[in-house]
């Protein structure tokens, strides 16, 4: 019983973290048709910025965290201007963006090492709430993650569904050329999308920096898991991403519980490769489309 | 009559293949101009250059008295130059009403989009019935109507129609051509490209025949245009027929 | 090819061989020798990778894994079996090819950026497998005490590692020749055809999967041999060989030199190796400099040094081609 409740809690926590990462990657993928390899480094940078506002500037917890996320949105503007838009319209642009975002990862990780040094940092526990449900216990940051991640991504889904900018984003996803002929400026949409995606990654960074630790390489694992989520849920569909994130969270929780930490990632990655071979468009794609 | 659109000596292509070879074109205010000619001779490329979706290699385009070089497609739409592309699959997961609202918002008419919607529904009553349906599930004719409706939502001054009746049955084609007739009466200027020569001649004031990236023949649409003469132009396209 | 072109090609290759041969006589201090050795190794790695990444346009991010598989194969063979160390090099090439067969599976069904994801994940998978099989691979401690290569009685380390240099130079020369032959062959031409217009190429009877598989395996073989070379050179193997460091270093070489060019990656290897060495003590600044180098090249010279070199002389024919208009819109990718 305690095993099942432990698995349930870590499924919801891991799934939430991967959801925040993968939702942003999906959004970028479906509109810009590129993959952002720097997403993990951006998560890390967001965590460091929030930590700095909290511990160095001495701001109150909530303000520091929100400030960190907002600062990352500004980083998103720079990111879009320097790494995405110069390449995206060139022939072979998707590969150039991929290489550029890899370089950005290197830049951000080395920059973090210079700015904050090698010793690991941690954001204190967020809140002292504790919920016990059927033997499963979630408290502090875990609880915040379980609630906040689906709420934020749900909010994003609502924005995409109901607002004007959401309509514009969806139109550009579905037919780029006709969207331009209607007077939609791709650049504005790209900027919006990159800012939102990086903001979500920064939230994931804050949560992860409180659940675990902050280090320059902290974003690598979540990024890889987010890739798996995309393969699982089909990149480009938010519904598939939500289902995929929790499915991968469950898979990881179960395999970690039964096979241990060192075998879990192997099994998760093998699952991804098998899924990609069997259903290149994503395991959940067809169900989501018909829904 | 002053000119709304002036294309001068325009050349364009893709990679190493040249498609347009110094083509020139005038469209006056309140004028409808048809472009005829076989596929692959540059009609669509010309239209894409006019709406700045494709960058010309040389030559100039001026719209409403201003050079359009460097304008984004968005800027041109906001100045009333509206291009309805050929065979668009629209936005498969948007409803008809969402797509129409989108067009109004993107062209800067978000505030009074409902009036635009009423107008579009009066021209295309079928769209009103389908307003909640995803555009990906529309029939070919309805899709063209939605595409035209989206163009109208942008309150065009110059409407560019690329193959609006492509692949439609004669009955739907007839229905659509009546709608275009009505649009033509309301919108000031039109450039119409269509494979159906009779339809183009019926809906326009003047026509040009485009072959190998240039205009080889021009005339008034109401004059009796010999169909056989035109076909031989399409097939042979000798330069001495140029007027 | 004309007789004159043939003669020029021959003199070019002879000159290349002579330069490779003479270099260690000019640079005799051990440090520069080591740099030269690293350049030969990076040069062949970058060229091998460029086959898939540049010429074939496959988003192959598993190349580092093939390098690592080669290094670990040599490490395991040389420390745990009595096999002749020289045999370890070709066997490393073979084991990398076997690994490439697994990594290629996703390429069967996936396109473009998805291949990038799957192959990147593949190389991460290798790290976890190596760490998980600590009994065989030494886990996070790696494999130490790999014996040096010897030729008769002479160690390749002798005389400022001159033996390793000549081995590396021979391998680099062979890799360059291989890449050159492939790009001029029907295989190379069909790869370009698939990259630039897959629908057209397949309609002409070119099999994408077969051609991509062949070039994937060749690239992996080059990387595997380079991995074995690296293991012998360092005497140790650790999971660093799968790491981000090699990945970005090689990417910077390929894109600085010019992806899709035969000789560009060698020029990239020279520049990046020298820059990285000069900044050896700069810590994190070294990585920042390399990352900036990649970005600046992507911004100002997307075709790299090779592209710059090509644009320097102005033959009239080329000029006309360069002035041709290019489409400004991105094609819809589905």
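Read from first to last, the chains carry the letters A, B and C; within each, the first residue is number 1.
Operating definition for what follows: a residue touches a chain if its C-beta (ideal position, glycine included) is under 8 Å from a C-beta of that chain, and two chains touch if they have at least 3 such contacts.
Protein identities per chain, from UniProt: A, C = Branched-chain amino acid ABC transporter permease; B = ABC transporter ATP-binding protein.
Computed from a predicted structure; not experimentally measured.
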{"item": "Geometric centre: closest chain by C-alpha means", "value": "A"}
{"item": "Selected pair, greater C-beta contact count between A-C and A-B", "value": "A-C"}
{"item": "Distance between the centres, which are taken as Cα means, of chain C and chain B, whole angstrom", "value": "51"}
{"item": "Length of the line joining the C-alpha centres of chain A and chain B, rounded to whole Å", "value": "43"}
{"item": "Where chain A and chain C are represented by their mean Cα positions, the distance between them in whole Å", "value": "32"}
{"item": "Residue list for chain B, restricted to those that touch at least two other chains", "value": "53"}
{"item": "Multi-partner residues of chain A (each touching 2 or more other chains)", "value": "175, 177"}
{"item": "Two or more partner chains touched - positions in chain C", "value": "326, 328-329"}
{"item": "Touching residues (chain side chain B, partner chain A) in the complex", "value": "51, 53, 72-74, 77-78, 82-85, 88-94, 98-99, 101-103, 105-108, 110, 150, 154"}
{"item": "Touch list for chain A against partner chain B, complex", "value": "164, 167-168, 170-171, 174-175, 177-185"}
{"item": "Contact footprint of chain C on chain A as seen in their complex", "value": "29, 33-35, 82-83, 86-96, 98-100, 102-107, 109-111, 113-114, 175-177, 220, 224, 227-228, 230-231, 235, 262-263, 265-266, 269-270, 272-273, 276-277, 280"}
{"item": "List of chain C residues in touch with chain A within their complex", "value": "53, 57, 59, 105-106, 108-110, 112-114, 116-118, 120-122, 124-125, 128-129, 131-132, 244, 247-248, 251-252, 255, 283-288, 290-292, 294-295, 298-299, 302, 326, 328-330, 332-333"}
